[in-house]
Amino acid sequence: MAGNSFGQLFRITTFGESHGLAVGVIIDGVPPGFDLDLAAIQTEMDRRRPGQSKVVTMRKEPDKVEIMSGMFEGKTTGTPLMMIVHNSNARPGDYDNIKDFFRPGHADYTYLKKYGIRDYRGGGRASARETVGRVAAGAVAKQLLARRGVRIVAYTLRAGGIACKQVDLDVIEKNPMRACDLEAAELMVTRVDEIRSQVDSIGGIIECRIMGVPVGLGEPVFDKLDADLAKAILSIPATKGIEFGTGFAAADMTGSQHNDPMTPDGFLSNNAGGILGGISNGNEIVFRTVIKPTSSIAHEQQTINTSGEPVTIRVTGRHDPCLCPRAVPVVEAMTALVLEDHFKRQESLGHSCYAPAG
Amino acid sequence: MAGNSFGQLFRITTFGESHGLAVGVIIDGVPPGFDLDLAAIQTEMDRRRPGQSKVVTMRKEPDKVEIMSGMFEGKTTGTPLMMIVHNSNARPGDYDNIKDFFRPGHADYTYLKKYGIRDYRGGGRASARETVGRVAAGAVAKQLLARRGVRIVAYTLRAGGIACKQVDLDVIEKNPMRACDLEAAELMVTRVDEIRSQVDSIGGIIECRIMGVPVGLGEPVFDKLDADLAKAILSIPATKGIEFGTGFAAADMTGSQHNDPMTPDGFLSNNAGGILGGISNGNEIVFRTVIKPTSSIAHEQQTINTSGEPVTIRVTGRHDPCLCPRAVPVVEAMTALVLEDHFKRQESLGHSCYAPAG
Amino acid sequence: MAGNSFGQLFRITTFGESHGLAVGVIIDGVPPGFDLDLAAIQTEMDRRRPGQSKVVTMRKEPDKVEIMSGMFEGKTTGTPLMMIVHNSNARPGDYDNIKDFFRPGHADYTYLKKYGIRDYRGGGRASARETVGRVAAGAVAKQLLARRGVRIVAYTLRAGGIACKQVDLDVIEKNPMRACDLEAAELMVTRVDEIRSQVDSIGGIIECRIMGVPVGLGEPVFDKLDADLAKAILSIPATKGIEFGTGFAAADMTGSQHNDPMTPDGFLSNNAGGILGGISNGNEIVFRTVIKPTSSIAHEQQTINTSGEPVTIRVTGRHDPCLCPRAVPVVEAMTALVLEDHFKRQESLGHSCYAPAG
Amino acid sequence: MAGNSFGQLFRITTFGESHGLAVGVIIDGVPPGFDLDLAAIQTEMDRRRPGQSKVVTMRKEPDKVEIMSGMFEGKTTGTPLMMIVHNSNARPGDYDNIKDFFRPGHADYTYLKKYGIRDYRGGGRASARETVGRVAAGAVAKQLLARRGVRIVAYTLRAGGIACKQVDLDVIEKNPMRACDLEAAELMVTRVDEIRSQVDSIGGIIECRIMGVPVGLGEPVFDKLDADLAKAILSIPATKGIEFGTGFAAADMTGSQHNDPMTPDGFLSNNAGGILGGISNGNEIVFRTVIKPTSSIAHEQQTINTSGEPVTIRVTGRHDPCLCPRAVPVVEAMTALVLEDHFKRQESLGHSCYAPAG
């Protein structure tokens, strides 16, 4: 109820603060007898971790995942899978200078007002380091989904005002921005260099595509597949919006333009983004989320201290000039968690009327 | 788990199909001893019901709410409040012509594939008539929130390509589009007339403002206030996206532009939309949602029948040319449900460190 | 969260007060395409209703169930099934004499202290009339379980100090006490007549047997099958305990006596009551619950009024001298709800390793 | 949903297997700003751990708790509190001899049938070692309850056929049986020595008293305080029943005997066990649970192996001859978890009409 769990039948609970001893996750609902690929989990962790390229923060955290329970002789047992990452690079001292200040764009002020106490070390629980547990759990979900024929790919579609001109899924892991267009990626890297020199940061848009989802996933009314994805994505730090299919552009369309015509071979278009009435329609599921520019900037900013007095602040330290590259695996992870959960919910219906994905 | 409940401590469960006997809702978690204003509930129902103006469907449904439990001598008792609306205008026969067709843009196909059975009468459970229960429950939540000093106002910000130029909350209920700008509203009405004559429909954008929320609402990590609002809003039929504060425009901003400076008198801007780290910051909460153009249009469209054969279809009958005016109270209702729930969650923390809303 | 819902995947939410307009239930999670037998639901209602025999209260309530949603052309659709029973015999005036008194053994005092308000008409929500919704929902669960080969039978094992000497399932519905032994039943009826003349009441024990449950139902750790059954049964008004298999007698046994030996043909005994480690073992599941003597008695009793002053009270009106006969279908209903829920939970595991019931 | 979480607003999720790397728990819902007494947590762990006296198993496990998150500068922060105990005494090799056998009275058979895979090392997740996380979390709940004036005391009331003649709370921690009567305790110890020499085991009854609970805790209908306690207690390994107040003896009582008379100074008796209509009535809450004799005995027993063939088995190793002494802190822990959760639920009602405990 305090909001640190997510999902119904494939349910995760995360713990840990940025500069505490460890961060991690318990997954309750892992099917038994599954050959979990531990290396694949670590690969996802590596995509999320800092220090992986020159466009992200230079902090060095190996983020080595250890599985403490739920496995026996290399297989899952159906009991809770606990994964932990010890914080090796904790430097609480770094944050003494901000302990009495509310950093603009951060949750410092809201946490203190909500709880009456704040772990100011790197944002504590509000740090994006909290997403370690999400990515670890998402990596498990991805493996379960692969078995179902489902593939999730997210990428930077736009950053710093530069838009990708094409969507080439093959280049995403070949450029540090995780963009879907190499040319745009180069421009984005240049823009990152520039903004870094200005001690500022940039925002962007991440697009996510889910392939291979059969017709029938999603619970109508409140737990629509898009509603649950929206919650999942908006729970990621720094996201400020989400849209499905044509999204906000639908506001200016007519019904005859927006309705996707159906044929015996499938839909002729995908304005709906693969979901109708909250239920997957067999089309590719497509959504976009906007990532705000990193709040931690060394730019001088106006704020107040914990005594309520006006002060100026420069948030120095090792921060990402653009959050998109490292947010991509988090978007994929949250998406995977929602999908695996909805597959299990569909299975509990006790019948299988899935149509093949179109 | 089948997704017909929403909320944790202020929790609703809805029931009913478009052309069944009744639709309604149970609220579990209504505080005891509250003087519920039944007329105010009916007022919200009237804002949602068809036939209220010339820009919406001409169907006549009085949508009279009856309270069947949870009250005693005019006060709530803390037990479940059940509200029911009998369907007086059910015309199942109207739908014989579509029972073998999948209407484009509708959930006909996905429901049938998911469940293996479909109540085709007016969309059954997938009909927007399902929102009757939401609005009734939201009307209760609104009254509870008013007591807390919270006010929620939604309005049509854009429709059919026409944008409001100003936000005037006083004119919303004075124009049939529920737009926040009377001049724009007139243009929108003209556009509705035009699109109706073209047997087509238009989409739009609804903006919602929440005033008077103190600092501290929202559970960090998964149940962030914006994440829960996103789920709530995306669960409304026809919504395709949501954005908070500057929303998707944040993609092209820098950190120094987007961070809201703080002063002893509050924030100097509201790019965040009133939420930081998933927790309300005392600013006005602002979000927008996109409403797709009505799927039911008499335009000839390509689709398939339940045997999988290609056919064309014109969805005739009494439909809204633009969903925005009737969706406005639904957006407000879902917003109210989220807020009342989060107030109760905050109270269960067992302390009151709310700062006054800024 | 306010406690009016039960179950996870087969989930019910009930509403209604004893002398309000109606009582009822929403079931969320009914599988689609099921031919629901409405007469069978009514039969269960009739087993629960007052006035059915001379050993129970003489109140006349037809308790006619109406299904308001979730069905189409005689089949369930997978959407919420709402069932309502209008209160035809409400006589609120009957209770004016108790509105200022706390009836001993009742929840009058605790409700008022908890909520600060009390619907005193017949106990309001605390009345056993609340179980109408449970029995209606349980009747649906029973039909779903029958399809799975599961049968649930409860009966009065002991009442007013008289114990059944044998367990004959065929006689249960042939005697007004719903006892499993006709001879004992006759003695019980005599005892009921006697106690009625003394304006007093008697308690008893109900035993429940569940046949046909395969191995594998129940989630270990917190949601053990016996733990969930215990919660279900102890949530029934007037129950004060539950025991499985040999139950409390196990306290005086040794491990070599209590452990059930296994053979290739099944277990040689059933001290465990059909559950090991919280999971069904294929044996018959057996438990007993104790029903306290009816609290509403015309005996003069010492109590206080709402002003805290000492008074004496005689609770007159039409009350059951022994709750067992009418509690039997409620015990079966709650048992059915737990089992159907756990079947669905097991199905969400995504594999079928059920062993046949032994 | 897979059943490894417990509670609503004070919610725990446990993980770990008997011979895995670690066991532990996440608590979500710890109030912020609380000075947690770590030594008091360890004290509860020590009451539960093996090797503490001659009447329990001789295994040596220090069971040292480490807190990995949720604290800052000695105070809780309102974020998830993760506590872990590394398994220092894991001897997986000890269990090679049982890996192909189903131990009578254990969950070996049911786990394998449910999951298709079984961690046979010491029972894996089905081991009572799983209760480490419960006791750690319960120790936190106890501290929070102490602040509310609530005290929970459990003790062995009966074991091996020997009944305590008096309830002296002061002697419980002064005898290895945790009995409430020193004379009975001595007889019990003698009985334990005897049964151990017979390579057998004994059962018993634990009674629990909760003092200082105000009127008003418990959610009526399904989440009654007694229903939630019943689930909590029946989820503890080896429990086979629970009864409140006079419990099963109520079956033979009349209403005039069982109803507790009320006076301005409180109730004159406590047959109800402190709960009326599922809500605490201000009286002491009293319940008893039966603990079956330890299933692991070196007695020769009839069983089958995983190939379904008949075999005999002697379960050797270091086992408790009577589970009661070590189950006492587990009963207290589960009780504390239920109470703290219900306090928070009551607080979310948004008003305080608690009457002082009587």
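Labels A, B, C and D are assigned to the chains in the order they are written; within every chain, residues are numbered from 1.
FYI, contacts are C-beta pairs under 8 Å (C-beta built on N, C-alpha and C of every residue); 3 or more make two chains touch, one makes a residue touch a chain.
Bear in mind the structure is a predicted one, so any value in this text is a computation, not a measurement.
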Required minimum of steps from chain A to chain C, each step between chains that touch: 1
Recurring contact interface, reference A-C, options A-D, B-D or A-B [over half identical by residue number]: B-D
Centroid comparison with chain D (C-alpha atoms), farthest chain: B
Of B-D and B-C, pair with higher C-beta contact tally: B-C
Separation of mean Cα positions, chain C and chain B [Å, integer]: 39
Where chain C and chain D are represented by their mean Cα positions, the distance between them in whole Å: 26
Between chain B and chain D, centroid-to-centroid distance (C-alpha), Å: 46
Residues of chain B touching at least two other chains: 1-5, 8-9, 14, 29, 32-33, 78-79, 114-116, 125, 220, 345, 348-349, 351
Residue ranges of chain C touching chain D (in the complex, touch as defined): 1-6, 8-9, 14, 102, 104-107, 109-111, 113-116, 125-126, 130, 158-161, 195, 198, 200-205, 215-216, 218-224, 226-235, 237, 240-248, 250-264, 268, 272-273, 276-282, 290-297, 299, 301-304, 308-310, 345-346, 348-349, 351, 353-355
Residues of chain A touching chain D in the complex: 1-5, 8-9, 11, 13-17, 20-24, 26, 28-29, 32-33, 66, 68-70, 72, 75-82, 84, 114-119, 121, 124-125
Sites on chain D touched by chain B in the complex: 1, 9, 29, 31-33, 78-79, 220, 343-345, 347-351
